[in-house]
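See the structures that follow.
Heads up, the next two complexes both have subunit A, just with different partners, subunit B and then subunit C.
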Partner chain A sequence: MTIFTTTQVGSWPRSRRMLRALRDRRLGQVTRAAFDRVADDEVRRTVRIQEEAGLDVLVDGEHRRDNFYSFVTDKLEGARLMSLAEMLDEMEDKSGFEEMLTTLDVPASAIRNPTCVGRLSRREPLAMDDFRFVKSLTDRPVKITLPGPYLLTRSMWVSAYTKKAYASQREMGEGVVRILREELQDLAGAGCEFVQFDEPVLTEVVLSGECGRRTFM
Partner chain B sequence: MGEELDYAAELINRVIEGIVDAPGGPRIGLHVCRGNWSTREDVLLTGDYRPLLPALTKMRVRQFVLEYATPRAGEIKVVGRALSGLVPVQSPGPASHTDILRELGLGVVNPRTTEVETPEEIVARAEAALRFYRPEQLFLNTDCGFGCFANRCVNVEEVAAAKIRSIALAARMLREKYGC
Partner chain C sequence: MADLSPLELRALLPDQVFDGGDLDCGSGLALIIREHMLLVPPGGVLELKSREPSVAGDLPPWCRLSGHEFLGSLPVRSGQPGERHFLRRGVAAATGEAEAAERRALEEDKLRARGYEWRLRVRAGEGRFSTVYCRNFSWKLGQPASFEERDQHPSAVEALLGALGSALATGYAAECSREGLTMDDIEITVKGRLENILAHLGMDEGDPSFSMIEVRCFASTLDDESKAKRAWDRTVARSPVAATLAKAVTLKTTFTIA
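Now for the complex of A and B:
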């Protein structure tokens, strides 16, 4: 049995080239094939570095993702990528939200949210392509990261947009559970060794001491 | 607050139901952290995992992947006592637990600093966790990701590479010491 298995949490630093490709994709100035050529190179290098370092379970570095949870807008029906600055317009407590961003040193124009704007379903799998690609590069076990259901249920609900599609946050949560379950089943079927759900917002719920306040995640 | 935490546990359990117990299925982990959006330690959240335990203990995931490389995360005994046993069953019947042992993905390097943790420091962190976990229950990993938000990374590749090398070296030292 393996003891002290080594791995990472998920994302790897992005090169200038990757950052440029991400920006171009956001602006619609690059084809998917051209974007993938850049990202594939980055993933290859990230995998090689991990193998050379001697890690046991590898990640792809999440290079293709806008951020670890907002990337779902690329894959889902009913979701739209919005910067926090853009969302501010629709916030009920605008000044409170703005103040929180400043106090916490949150880059409001750099962080984008996956806002639910319609009924949610998978247009394509969230991470199956990532899994297949990284598996084609290494024989080692692979960890795939997915945003947790609570993080998505909390962040995707922006009432001004979401109420048109769902009566309540809990109802939208049902859609989130279905999507993540489908993805997990697909990954299990493809032989993925490790699936990690990210729920950073949980600590925010208990540690910020400000219940019910909307966070930026 | 309690209601929110219960809801979070219910959601993850419904996502993984029937998959987490399936033989040969993927290992399922849950990562919790205190934020990775800034390199300023003072603005990131502080506090141990105690307030989260009511939710975490209900979650049927095999592994919790947690930050432990910064003092902000508190002491290892908080999760060591509560989350080192068996994964609970879906609906309590004659048995209350599965035969799957929980694991800890121990965060041993800070992804936001430029200083690289030494293998010896990492070994010491792992040994503190060995008071509660067996070597096969312990994974060594970074506290959080290195990259993060699209146009703002929290670290550079050279530092990240040196940090994961330190993790691998520490694991080698630990295996020599505790392996059979």
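Now for the complex of A and C:
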């Protein structure tokens, strides 16, 4: 290993082909096998570029993911991918919501949230397949990224939908932590060298001291 | 009048083809069909593409009444919304006095369409709202303008901006469908500023009119972006509400592929 260990943070830009496959999967218009064929190609290309660039710890580029935390809805029981457009009717504070969308300068449909709509459990591992696939492509150490427990607990709780399943956000949060711990143990057991937990919202809490607000990305 | 089999329909060579998009027979499609039918030779075939499901049911009786023959329908592409409908122009309806009468009738109906007047009735309610009655609808609006966070009803100012946004959102969806553009999502934001709201409140002399209205369209598509943009420009230009407001106020429209 070199003096400065290099790796890469953040997901890779999706190719047009990948964007189409992601869109088709969202609309249920493509089989998993057909989707994986496209995504596998993209991951192979991504790994090759990193190897050629001489990076030490490789990532798969997160091509398969809707976004870096909403993708958990593919893997979890009790979670549903919902665009903010679908949630507009259920939002209590509509003008605050409008304010936020205006600030982000995006349409409500562009933001998709992993909303908790039932008791949470892993239907399948969150990232184990991703790890195995990227590991099959390289001898270098591999990094897997997962959304952090605070980010998930904050985003997945949408009272109108979640209250039916959990009495409180804290109770749901304990479910989230259990799921992430199981995943971490599985990944470690399979030989994954690095796991990165993403907690971008935590910086907002630290800097503004504000915990009650809702965040979507 | 027996429908043709899919095989026979596929073998047809239409003399005239047009796309009716999402229009239904009540919103002008009948006029457009008649106009195209007049371009078909007697006994020839007109193909109408449509994504409006009610059209399939409306065409056979319309054909019966107008002396044409409904031949049947095919899906545009399997698994995709939309159908191709085939109509054979009646020979009797396409010759001599019958044809001349149809041309005259169509011109008269087009004239009537141009002269159509929209009518609503509005009654002031007990409290700060009024009710609008129109065709089979009625809806309530609150104050002329409101700054409240929450209200019982939307204000008239918001209704105007909402009408503009919805005219463009629905109009754009229809235009894209006519153009064969697949839109995953269409969302429009509308912002409006008044010259002087204090003039409306009677606190100030001045102009209470809109000084600026800004419309922003976010369209999500993997199809040709310049085609999508041209369809948006056409939608704005052809919208009665947008065209009227543009005469009176700075109407800024922007288009973004999201």
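Keep in mind that, in the parts below, the second predicted complex is superposed on the first by the 205 of 217 C-alpha atoms of A that agree within 3 Å, B and C clash if a C-alpha of one lies under 4 Å from a C-alpha of the other, contacts with A are read in each partner's own complex, and residues count from 1 in each chain.
By definition in this document, contacts are C-beta pairs under 8 Å (C-beta built on N, C-alpha and C of every residue); 3 or more make two chains touch, one makes a residue touch a chain.
Because the structure is predicted, anything quoted here is derived from the model rather than measured.
**Student:** With both complexes superposed on chain A, which partner does A:Pro147 reach: first (subunit B), second (subunit C), both or neither?
**Tutor:** After superposition on chain A, A:Pro147 lies in contact with neither partner.
**Student:** Name the contact category of A:Thr7: first (subunit B only), second (subunit C only), both, or neither.
**Tutor:** first
**Student:** Under the stated touch criterion, which partner chain does A:Leu202 make contact with: subunit B (first), subunit C (second), both, or neither?
**Tutor:** Once the two structures are laid over each other on A, A:Leu202 reaches subunit B alone.
**Student:** Where does A:Ser95 make contact in the superposed view: on subunit B (first), on subunit C (second), on both, or on neither?
**Tutor:** second
**Student:** In the overlaid three-chain picture, which partner chain does A:Ala110 touch, first (subunit B) or second (subunit C), both, or neither?
**Tutor:** A:Ala110 sits against subunit B and subunit C alike.
**Student:** Hey, is it subunit B or subunit C that touches more of subunit A?
**Tutor:** B
**Student:** A:Gly78 contacts which: subunit B (first), subunit C (second), both, neither?
**Tutor:** neither
**Student:** Which of the two partners, first being subunit B and second being subunit C, lies in contact with A:Ala53: first, second, both, or neither?
**Tutor:** first
**Student:** Go through the superposed model and pick first if A:Leu19 touches only subunit B, second if only subunit C, both, or neither.
**Tutor:** The answer is both, since A:Leu19 touches subunit B and subunit C.
**Student:** Both subunit B and subunit C contact which residues of subunit A?
**Tutor:** Common interface on subunit A, subunit B vs subunit C: 19, 23, 106-107, 110.
**Student:** Could you list, by residue number, the parts of subunit A that touch subunit C in their complex?
**Tutor:** 16, 19-20, 23, 27, 85, 95, 101-102, 106-110
**Student:** Considering only the defined contacts, which subunit B positions touch subunit A in the complex?
**Tutor:** The contact residues of subunit B facing subunit A are 1, 4-5, 7-8, 11-12, 14-17, 19, 22, 25-38, 40, 43, 45-47, 51-52, 55, 61, 63, 65, 105, 107, 111, 126, 135-136, 138-157, 160-161, 164-165, 167-172, 174-175, 178-179.
**Student:** Report the residues of subunit C in contact with subunit A in the complex, numbered from low to high.
**Tutor:** For this pair, the touching residues of subunit C are 149, 184-185, 187, 189, 218, 220, 222, 258.
**Student:** So in the complex, which bits of subunit A are touching subunit B?
**Tutor:** Per the stated touch rule, the residues are 1-15, 19, 22-23, 26, 49-50, 53-57, 61-63, 66-68, 103-107, 110-112, 143, 145, 148-150, 153, 173, 176-177, 180-181, 184-185, 187-188, 192-200, 202-208, 211, 216.
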